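Chain IDs A, B, C and D follow the sequence of writing; residue 1 opens each chain.
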Amino acid sequence: MDSALIPEGVKRCSFKKFAIWIGVLTIPTLWGIYAALLCWGKALNQTNLNDNFPFGFWIVADLGVIALGAGAFFTGFLRYILKIEELKNIVNFAVVIGVICYASALGILGIDVGQPLRGWFIFWHANVHSMLTEVAFCITCYFMVLCIEYVPLVLENRRIDAYRFFHFLSHRFHQAMPAIAAIGVFLSFFHQGSLGGVPGVLYGRPFAYRSGFLVWPWTFFLFILSAIACGPCFTLLITWITEKITRKQLVKKSVKETLAKIAGWLLASYIVLKIIDTIYWASSTAPRVGINFKSFYANQPYGIWVLITEVGILGIIPAIILITKQGRSNSALLILASFLNCAGIFMNRWIMTVQTLAVPVMPFDKFASYHPNWQEWATTLLPVWIGAMVISLSYRYLPIFPQERELNPA
Amino acid sequence: MKDIHSEQKTYKFGMVIDLDKCTGCGACMVACMAENNVSFRADETDKLRSITWMRVYKMTNGLPFPDTEVCYIPRPCMHCEGSGHHRPAPCIAVCPATATDRDHETGIVSQIYTRCFGCRYCMAACPYHARYFNWWDPKWPKGMEKYLNPDVSPRMRGVVEKCSFCYHRFQRAKNKAYAEGRREIREDEYQTACAQACPAGAITFGDLNNPQHAVYKLKNSPNAFRILEKLGTNPKVYYLSTKEWVRRGVDHYLEEEAQD
Amino acid sequence: MKLDRRTFVQFSLGSAAGITLSPLPWKLTDDIAIWTQNWSWVPVPERGEVSSVNSVCNLCPGGCGITVRKVGDRCTKIEGRHGYPVNNGSICILGESGLQLLYGPWRIPSPLRRAGKRGEGIWEKISWEDAITQVVQKLRALRQKGESHKVACISGPNSGTVSQLFARFLKAYGSPNFVQMASGRDTEELAMGLMHGTASPVAYDLEHASFILSFGSGLIEGWGSPVRVIKAHSIWRTRNLKERATVVQIEPRLSRTAAKADNWYPVRPGTEAALALGLAHVIVKESLYEHRFIDNYTFGFEDWTDSSGGNHIGFKRLVLTKYAPEAVSQVTGLPPRKIIDLARKFAKAKRPLATWGRGKGSRQGSLYECMAVHALNALVGNINREGGICPQPEVSTRTWPEVEQDEIARSGFGMPRLDGAGTDRYLHVKYLPERLPQAINEQQAGAVQALLVHEANPYYTMLDSTAVAEAFERIPFVVSFSTYLDETAQHADIILPNHHCLERWEDFHTPIGLQKPILALLRPVVPPQFDTRHAGDVIINIAKRLGGSVAKAFPWKDYETLLKWTMGDKWNTLEKRGFVQEANYKPPAWEEAFKTSSGKFEFYVKALERQGASQPQDIRCLPHYKTVEPEGDHANYPLTLIPAESIRLANGAIGNPPFCTKALPDTVLKGNDLFVEINPKTASNYGLSEGDSIILETPKARAKVLVHLFEGIMPEVIAIPSGLGHTAYDEFLAHKGVNANKLMGVVEDPVSGLSATWGARARIIKV
Amino acid sequence: MSATEEKEQAVSGQAEQGKEGGEQAAGRAEIKPTSTLSRAKLLKFLVLPLLVFGAGFVVNLFIGWVIFPRLLYSEKDQPIDFSHKIHVEAVEEGCESCHFFGEDGTFSGVPGAEKCAECHEERIGIHPEEAKLVEEYILPGKEIPWHIYARQPNCVYFSHAAHIKMAKLECVTCHGPVGESIHVKRYQQNRITGYSRDIWGWRISGIKTNSWDRMKMDDCADCHKKSGARNDCFVCHK
């Protein structure tokens, strides 16, 4: 039925099957939209957020997906700037994932802020000293860049590419790609850092506050590093899931391993720096305001286990797997490591956001605990379903995986 | 046009709260609510979603019966000074839309509800929980909107609000002074609602820079201290207590740090 | 040209370009943002001319001067009145919330007649004409049947012309059953009347005291005139260290007052009198008392012999033999060393002062306990002296002409009072409100045919709510004069709504506990917001309609005329300045201070002697300690329940306004569930932790509550916040928590008949 | 051109290109149209599209500039047609007769009916609008429900004392020559925001030529900046 749209030389499931798949995804999507409408219509009392937790699951998800989306800019950086040609086989997919991640981040922010219709004040009345301003500008700009990077992929659709104009346009885009990628890299580095700056500059919150370099707290740099360490792994993870669902190999193992190796070394260096940061913070930054770092972990569920899990289980273990050749060449281990890496980023963002707020700063204040409610879950998961749809559509109709034909001869 | 700015006097308004006198009666909380059109709901028991610009905290010394001691700590917005331009109040630094700033004439940390778009970053930044979000549309039972104060604009859902040191009373006092051809205002012309109401007279308000004002002398008392002073937020709200455990109880100390 | 896809695209692109270059998207973006800043459902306070009006707050017996800020014809804020002798610019949390009461949805909009079953809340709006006619018809019928004595009236305020009007009405109409609501002042008046010979409440010179020994008085919880006492507390704290006053709080619970006191001595609930006498023991034994006063101006300190030669023991012997520190320690749980130490400090202080009246002082209590505390004050000679106590003075006003009763009135008025006050059994008291429900329930049906309730909410505030509800059931006709739809109004048959205190003229007499007499004037700050009428006007109107001698007793045109007439030459000052104060008032010197039969301060109260008793019952006439045992046995009810009063929680006739409820800490309410305070040690015996749900049971009632662990409460004692558990009012107050009064029964003080209840026996069951 | 034609065209084009590499095809596409520009093709590929585009452009410009403002604002009549000119001439103290300062610094920007009643307790002229004033408002003791052109939103604090007494500004600077008006102008209200049109200004473009043309925050801020007054939020917000 839609065969004219499907890239040449590849096999896709029947349209009926595809429609059912999309239909299935629509159900949780509608659930998420309903939750979002509740939040807009009845205000944010529809969440478990409160004055103690002005930031919650949404902000964690935002920080998380943007870190995961780092795969796009970083793979682009490796492919177009560092010229690791091999990565051209996965860069398209990385871009798709990037677009989804960034769109999600913006979408979630649109629900999270109390007055979405005034959201543009952040640009119009910007306070340049605020990390959030930096984040907003960079994310928006970078999202545009990602769209520009995504457009040529769309143009490569067989039906669209048939138009000479679009074909021509697509070509021009490809030519400009290194420049676009460069802009993207610059913006991306910056806002990944700014996101790290968001908790890091809170000098009223000793759990999050970090000293740093010039105007940037150490978290600025740690966030950049952790994002580029996990972004590629997320690309690998989604590729693996796509491969499992389509029951096809789409990217050569060597490509994956290259990416995994790079991610592994980045993760390893991140973990080393993170440990140094933690030690410095625990022994110098926090004691300077009279706090023994152990007291930050004095209340469950935010005990010392979170630090061990974050750095040890979700940091050191995947780093070891990824930097060892045996580790990354074993697909199961590779996927496990990728998963741990991505989980690690979420945990880190959760800790930097939620635990920061859970720890009472005034000594006579009460410790508070937070968990998201269904509205928050539904809206936060909304991008997952929409993302799955976008990936499904992109996969079905666009030549995302250049190696697909080669790896799956008809 | 001539430069009006140069003629303007700058103040540094602040508060000194005597915790020995404070009885925790809550009159300041309600005076503030009544003055500033703070909304209320049928169920206000979830204090994490209850707007009280001025909140009275209760601190105990942690000892068992019968050695237990309790101290009440009224907590308005601290109107932090921070440390100069590079590190203003925690909340001012982070607000992306410039909805909060430091008023140069009074030193008061403002909050503009119509500018705020509800990102709540300032709340995350404030260690004093002095900032409150409007989780609901404010609603007054029919007829009750009659007592609303026209000098303070009611807030709408989705924005952050906080104590303004009753800034509108400063505006009111200045307006009167202008009408009389004065530029400066007297100490008694501008008092916050909480200071005015406090039955114990525990709250003193005035210009911290003016040696003629009561707060000037009080803040220099050996019993004066501020909450979380070590963070460097540099609050303009001082407290007085003759009790050592109270003075120590409002900040963090490492075990090895000697009693002062 | 056909509309194909290409044309469509081209047209769209053109449109996009055109719209972009027009103001539409930009202006719309801006306007939509402004729309969110200006939502029609967010109220915009109306502007108007600003003015201010002075009046007096009568929401509690504190009587603070207030200044109401007005914008146009709206009241926007109640503030303390500067220069007012009681509160000088300050105000309490309840007074501050007064506008919520004025404009609140709990106001009764017009006269109402019950349309459904009692308490069902179904009302029919009726005209004033109708409402008054119905009341008059009912009263007239009863009078004609000779049942005028079956009309009762409960009035809240202890003074003032409106309350007196109701009393006068009953007298002229022919019923002895006028009752004032219970308060600590009843016991104080009695004790003062017996020991001083002046039956008035105790006035404390708190500002000048240097050592305050409080027997459970919630000095900063709304005791006395709340703002004035808190101000005194600040004076104690402000003086330089050498002169700084010492405050000692005797209470089983670390209340706010205890927390702010220099020393907190927890004693077992209800044993305060024993401690007072124990302190007296030490003071007497060590001869630390004020000899000049004791030797010259007191009676019954030493043993004495009466005219017929009978020997009587004096206060000295009593305390020396029975209240040694060890014995008192056994009773109170306070170590003997602390008792001795406290007694010495108290007696040696420059201006010591002992205060009586638990919590807000709004409950009656044991007469002997009050006398014991009072004896302590006498021992240190701080009677009618600076920093001491004296009988509370009043500004005199014009006396009304005597009521001329007709035959029906005379016979009705001559019938015995239902509550028994003034009979041989309860000789010394005027009213026994807490006995009333029981009296009604004990009698055959129809003891009360009609009940008028003015400025009181007995249905909620009286102890043993179940018995009160039953008594209401037995009264066929209840008329409420309430301003708010409170519990009593809810169970009335006709409501004749009164003006709010900001809408009416009224007099306000010396606030409770003040040493300088003040007469103040409430004035209408705003015109009535609803179709309400002044209760004074209504009762005058009813009297006039009844005609005959009843009408004759009310010769005034209306309430305002009456008020002006009563205030006499003070009216002009009152109207202009708002109050009259006798700032130079000094209580009489010891020589002429005491109006007792002995002309002295009586430790041994002769008036308490029982006539005709064969043996002199000395103990009956001396302050002594006798356990006031609440209902229930210790085995079944091993714990003790006490009410916890807080200034943030109004527990009187007026329900807590939303602002005050909002200001309650989250250790009082969670949703609609009430927390009770339990010591962690006790809690661990029951395996309870913070927030656990328990059933709290007393012999009177049971209630589901939550556990709040608090180190500041004595083990085995449970404290329940007082002032919640309303069933009336609105969503801001109704159905939140439990009414503490429901759990506590009336314990009758044997000598006076007053309610001596301080708590209840209780047990808890984990849910 | 029908959709089928277009498709055919596209397919044939693709077939043509299919033979050569993409790069070359693109290169050729760049040169070809310029060399063989027939009239029909010009019409088809340039003029017609431009016309269609232009039509969309113009229609929407019209919508945005002309129709939109009409839809955006509703018009309301003032309760009484008031002539400032006549009054200024008639009263003794000029503007200050009605617009004066109170003791607490408040300004009588819109004088109450009581003020009017000082002269118009009963009719003193023959004008029908005066009759309306006296009969509908003054005699029954009602306030006149003026629509206020310069009424700022509720979040704005404005002190006339600061501007007039201290900064010595002329009324005209912000309000324009109101004093010379003979009739009240129509009051227009923004349907979305509920504000008077005078705040945004009567030109939908927002361009102002006189200092009183617009009363948005930026206008206040600009003047404050120029005059050296502060621009902190709390200067003008409440």
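Please note the rule applied: contacts are C-beta pairs under 8 Å (C-beta built on N, C-alpha and C of every residue); 3 or more make two chains touch, one makes a residue touch a chain.
In this text, all values refer to a predicted model and were calculated from it rather than measured experimentally.
Asks: Can you identify the chain nearest the overall CA centroid, using each chain's own CA centroid?
Replies: Taking the mean of C-alpha atoms per chain, the most central one is B.
Asks: Per the definition at the top, count C-beta pairs in contact and tell me whether B-D or B-C has more.
Replies: B-C
Asks: Between chain A and chain D, what's the gap in Å when you average each chain's C-alpha atoms?
Replies: 44
Asks: Report the inter-centroid distance (CA atoms only) between chain B and chain D in whole Å.
Replies: A distance of 39 Å separates the two centres.
Asks: So, what's the distance in Å between the C-alpha centres of chain C and chain B?
Replies: Roughly 33 Å separates the two chain centres.
Asks: Could you work out how far the Cα centre of chain C sits from that of chain D, in whole Å?
Replies: The mean C-alpha positions of chain C and chain D differ by 60 Å.
Asks: Using the touch definition from the top, which residues of chain A touch two or more other chains?
Replies: Residues 115, 118, 121.
Asks: Could you pull out the residues of chain C that touch at least 2 other chains?
Replies: Answer for chain C, listing residues that touch two or more other chains: 32, 35-37, 44-45.
Asks: For chain B, write out the residues touching at least two other chains, lowest number first.
Replies: Residues 46, 58, 60, 98-99, 113-115, 137, 153-154, 156, 158.
Asks: Per the contact definition, I'd like the list of chain C residues that touch chain D in the complex.
Replies: Counting only chain C, the residues touching chain D are 1-2, 4-7, 10-19, 21-25, 27-28, 31-32, 34-35, 37-38, 40, 44-45, 49-50.
Asks: Report the residues of chain B in contact with chain D in the complex, numbered from low to high.
Replies: Listed in rising order, the residues are 1-6, 8, 98-106, 108, 110, 112-115, 151-154, 164, 167-168, 171-172, 174-181, 183.
Asks: Give the list of chain A residues in touch with chain B in this complex.
Replies: The touching residues are 43-45, 49-55, 112-116, 118-119, 121-122, 125-127, 129-133, 136, 198-199, 201-206, 287-292, 295, 356-357, 361-365, 368.
Asks: Going by the contact rule at the top, pick out the chain D residues touching chain B in the complex.
Replies: Counting only chain D, the residues touching chain B are 101-106, 153-155, 157, 159, 161-162, 165-167, 226-230, 232-235, 237-238.
Asks: Could you pull out which chain B residues touch chain C in their complex?
Replies: Those in contact with chain C are residues 18, 20-21, 23-27, 29-31, 33-35, 37, 40, 42-47, 50, 52, 56, 58, 60, 63-66, 68-72, 113-114, 137-150, 153-156, 158, 193, 196-202.
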